[in-house]
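Below are the C-alpha cells for one structure; questions will follow.
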Amino acid sequence: MPATVILTKRTRFCAAHRLNCPSLTPEENLRLYDKCNNENGHGHNYQLIVKIRGEIDPVTGMVINLNELKKIIKERIIVKLDHKHLNHDVDFLEGINPTAENVVVAIWEQLNPAIGDNLLYELELIETENNAVFYRG
Amino acid sequence: MPATVILTKRTRFCAAHRLNCPSLTPEENLRLYDKCNNENGHGHNYQLIVKIRGEIDPVTGMVINLNELKKIIKERIIVKLDHKHLNHDVDFLEGINPTAENVVVAIWEQLNPAIGDNLLYELELIETENNAVFYRG
Amino acid sequence: MPATVILTKRTRFCAAHRLNCPSLTPEENLRLYDKCNNENGHGHNYQLIVKIRGEIDPVTGMVINLNELKKIIKERIIVKLDHKHLNHDVDFLEGINPTAENVVVAIWEQLNPAIGDNLLYELELIETENNAVFYRG
Amino acid sequence: MPATVILTKRTRFCAAHRLNCPSLTPEENLRLYDKCNNENGHGHNYQLIVKIRGEIDPVTGMVINLNELKKIIKERIIVKLDHKHLNHDVDFLEGINPTAENVVVAIWEQLNPAIGDNLLYELELIETENNAVFYRG
Amino acid sequence: MPATVILTKRTRFCAAHRLNCPSLTPEENLRLYDKCNNENGHGHNYQLIVKIRGEIDPVTGMVINLNELKKIIKERIIVKLDHKHLNHDVDFLEGINPTAENVVVAIWEQLNPAIGDNLLYELELIETENNAVFYRG
Amino acid sequence: MPATVILTKRTRFCAAHRLNCPSLTPEENLRLYDKCNNENGHGHNYQLIVKIRGEIDPVTGMVINLNELKKIIKERIIVKLDHKHLNHDVDFLEGINPTAENVVVAIWEQLNPAIGDNLLYELELIETENNAVFYRG
C-alpha cells in the first residue's frame, strides 16, 4: 500500500485590511478590535501554507503535481489578494469582516473544490511572526 | 455551524536554567545531562507558542479576544519567566527539574485554568532553533 | 581608549500604504508602481532596525541605555506607524509618497535629533522578506 | 500518570538530486518534473525534523536521551546524505526516485527501528523555504 | 540634494555543485575541500541579495525601478542557475571552481554591466544558514 | 589582481549571564540594567557571526580554509561559552560585566591573533531576535 504523506506549499501575499463589525457601534468596534479597527486600515505580509494529504503515486513519487497546485493557488488566491485591500478589493471576501479566522475559512472555500479529491488537509495563514490561524475544513 | 479553527500566539522569554536531578549522583547527572548539567547554569531565548482551538464567533469573527489572551500569557508566564533563572526564581517551577518537557507541562497548568472553556489546544516551547517540545494536556 | 561598536535594535510595525505620485497621470502611476498603485492600498509587516554607533561606556559596559532607546523609537515611530495607513494617518509623512526609500528617510528625521550625540549610524527598513532599504543620513 | 509530550530535533543536510522516473520517456519526465528533471541535477539545504512522542520519565524529566537520539540521526541519516548526491551515493535510496515524498519515507525506514519503542511520531523534511513533506509511518 | 539609500532585493536558486581544483591531485582536493569534494556533487538553496546604492528620484521616490531590476536578475542569473549544476550547466561559470567566493564574483560580472550607472553596491550570496560571502566589485 | 570578498561563518552558543557593575550600588544597578540585573541571571541563545575579509586564492578559490576557521572558533570560543555562565565560567571574561558590547570585544581579542593575517574583519553577536552588536577591532 502506498505511503500517505502531507505535502506543504508556502505562498505569500501583501494586503491591507480593517477589522470592523457593522452590527456593532464604533465604540464597541474600537474596544473589541483596538488598533486593528483604525479607519484607514493597516496591513500585513501574509503567508499562506497549503497542506495536501494523500498517497504517494508509485510511478511519479509525488502526492500531487506541484506545478498544478501552484497554478491553482496563484489564480484563485494570490492574484486576488496580493497588493489588495481585503475589505474592498476581493470578490470572495465581500461582506466578510477580514479577521484571520474568517479569511482562512474563505480561502478554504476557494481552494478545496479546485484541488478536489479530498486532498486539501489544512490551511495555515500567518499574519505576523507572532500570529497565525489553522483550518481543516 | 460556525467553523472551528486553531489560533496561535507566539511570545518569548529569556531565561537561565540547569538540568540536575537531586535523586541522582553528580556523576550520573553529568552523564545524563552532559553540558546542560553545568553547575552555574546556561540559558536560552525561549519561544512559547500558545494554540487556541474553538469556533469562530459569528459576530466578532474571532475565536478568542487576542488582547485578553496576551494579558493572561503575560501575567501568568512571561512576567514570571522572562529574565529569570528557572531553577531559582519561579514559584510554579519550585522543585521541578527544568527540562523543556517539564517546563511545558508546568506552563500548561498555569495557562489552562486561566484561559478556560476548553480552549487551550496545544503548547509549543522552543528552546533553540533545533529543539522544541509540544504538549496537549 | 574605549572600543567603538555598533548596536542594533529591531522593532516592528504593521501598516497599509499606496504608492502614487500626484504629479503623474493615473496611467503613468500604474505603469511605474504596478500593483503597488492599487487604489485601496495594500500593506506590510515592516521591520525597522535602528543601528547606534558609539564608544562603550567603561562603567556601564553599554553604548546607550537600551530602555531609553526603545522609549524614543516607540514614541516617535511605532505609536505613529503601527496599525496605520502611511498615506493618511501619519503627521510626519504628510505629502510624502510612502516608498520604502522615502519612509526610511522620514524616520531618520524623527529619530536622529531625539537620539542625539551623533549616535544614530544607520536605519534598515524591511518591507518584505525580499525587499529592504538602508539609510545613513 | 506521566504526561505525554512530543519532542522535536532539527538536523540539516546539503544534497544534490534529480527527479527522473525510469519507466517514463524523457519527454514525459521533463513534462512531469519540469526543471527538477535537469540531467546534471540540482540541490537543496534540506532540514529534517525528527519528532518523538512519549511519556516524560519521572526521574530524568525527559522523553528520550537527546544525545542518543542525535547519535542515531547522525549515523543513520546525516553521514549518509550530507554533501551527497541522493541519486548516486546513498545505499538506502538505491533505485528510488528522490522526490521529497519518497525520501521522507525512506528516512523513516532507517530511523524507526533504530529509535524503537514506538517513539518516532513524525518526520518533517523541508526542501526549500516553500516546500516540505510530513510522514507518520 | 536627494538622499542616498541602499536598496536590497533577495532572490533564490537551488543548485548542485562540486568543489574540485583540476591543478591539484585527488588527494589534495579531498584534503582541501573535504566533503565538498564528493564526486557526484551536493547542493544548496542559495540566496542572492542584490544591493543597489543611489539617490532617491524626487519624482518617483525610488532609487531604481524594482520591476526592471527583478527582470535583469531573473534573466541573467536565476534562469541560468536555478535547478542547475554549477559545474556543468552554466555558461558564465565554465572553467570556474564553484566556491561561493568564485560564484559571487562571476555573478557580479553578469549583473554590473546590465544594471549600469554605478548602481550595484554589493552582492551577498548565502549558501547555508551558516555560510555566506559578500562582494563589492 | 584577485578579488577581495568578505566570508561569514555563523556559530551558536547558549549561555547564562547577569548584568551588574560592582562599582555601582544595587539600586543603581537595578535602575540601569533593569530585568537584566536579576540576581540569579537569565540567558540567551547567542549567535556569533565571524566575518573574514581577504583576497580569493587563485588556486583554491577560497579566502580561508573554512574547516580551519571552524576549528579556531570552536576551540577558542564555543567550547568556553556554550552551556556556560558568562559571569562565572569563562577565563577570558573574568572581571568583565558581560554586556553584549563587552563580550563581543573580548571575543575579538581571542579570535584575532589566532586567525591572523589581518583577516578578521568584523564580529556580529546576536543576543536575541531584536538585539545585536557589531565590532571591527
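Here are some notes:
Every chain is named by a letter (A, B, C, D, E and F) in the order it is written, and numbering of its residues begins at 1.
One rule holds in what follows: a contact is a pair of C-beta atoms (placed from the backbone, for glycine too) under 8 Å apart; a residue touches a chain by one contact, two chains touch by 3 or more.
The structure presented is a predicted model; accordingly, all values stated were derived computationally and were not measured.
When every chain is reduced to the mean of its CA atoms, the largest separation from chain D belongs to C. On residue numbers, the B-D interface is repeated by A-D, which shares over half of its contact pairs, out of the options B-F, A-D or A-C.
Annotation, chain B versus chain F: rotation angle of 180 degrees from the Cα superposition, expressed as a multiple of 5. Chain D and chain F, compared by their mean Cα positions, are separated by 33 Å. Remark: chain A and chain B have CA centroids separated by 28 Å (rounded to whole angstrom).
Touching two or more other chains at once are residues 129 of chain E.
The complete set of chain-chain contacts reads A-B, A-C, A-D, B-D, B-F, C-E, C-F, D-E, E-F. Those residues of chain B lying in contact with chain A across their complex are 3, 5-11, 56, 59-63, 65-67.
Listing the residues of chain B that touch chain D in their complex gives 19, 21, 23-24, 32, 34, 96-102, 104-105, 129-135. Residues of chain D that touch chain E in their complex: 12, 14-17, 35-36, 38, 40-45, 82-85, 87-89, 128-129.
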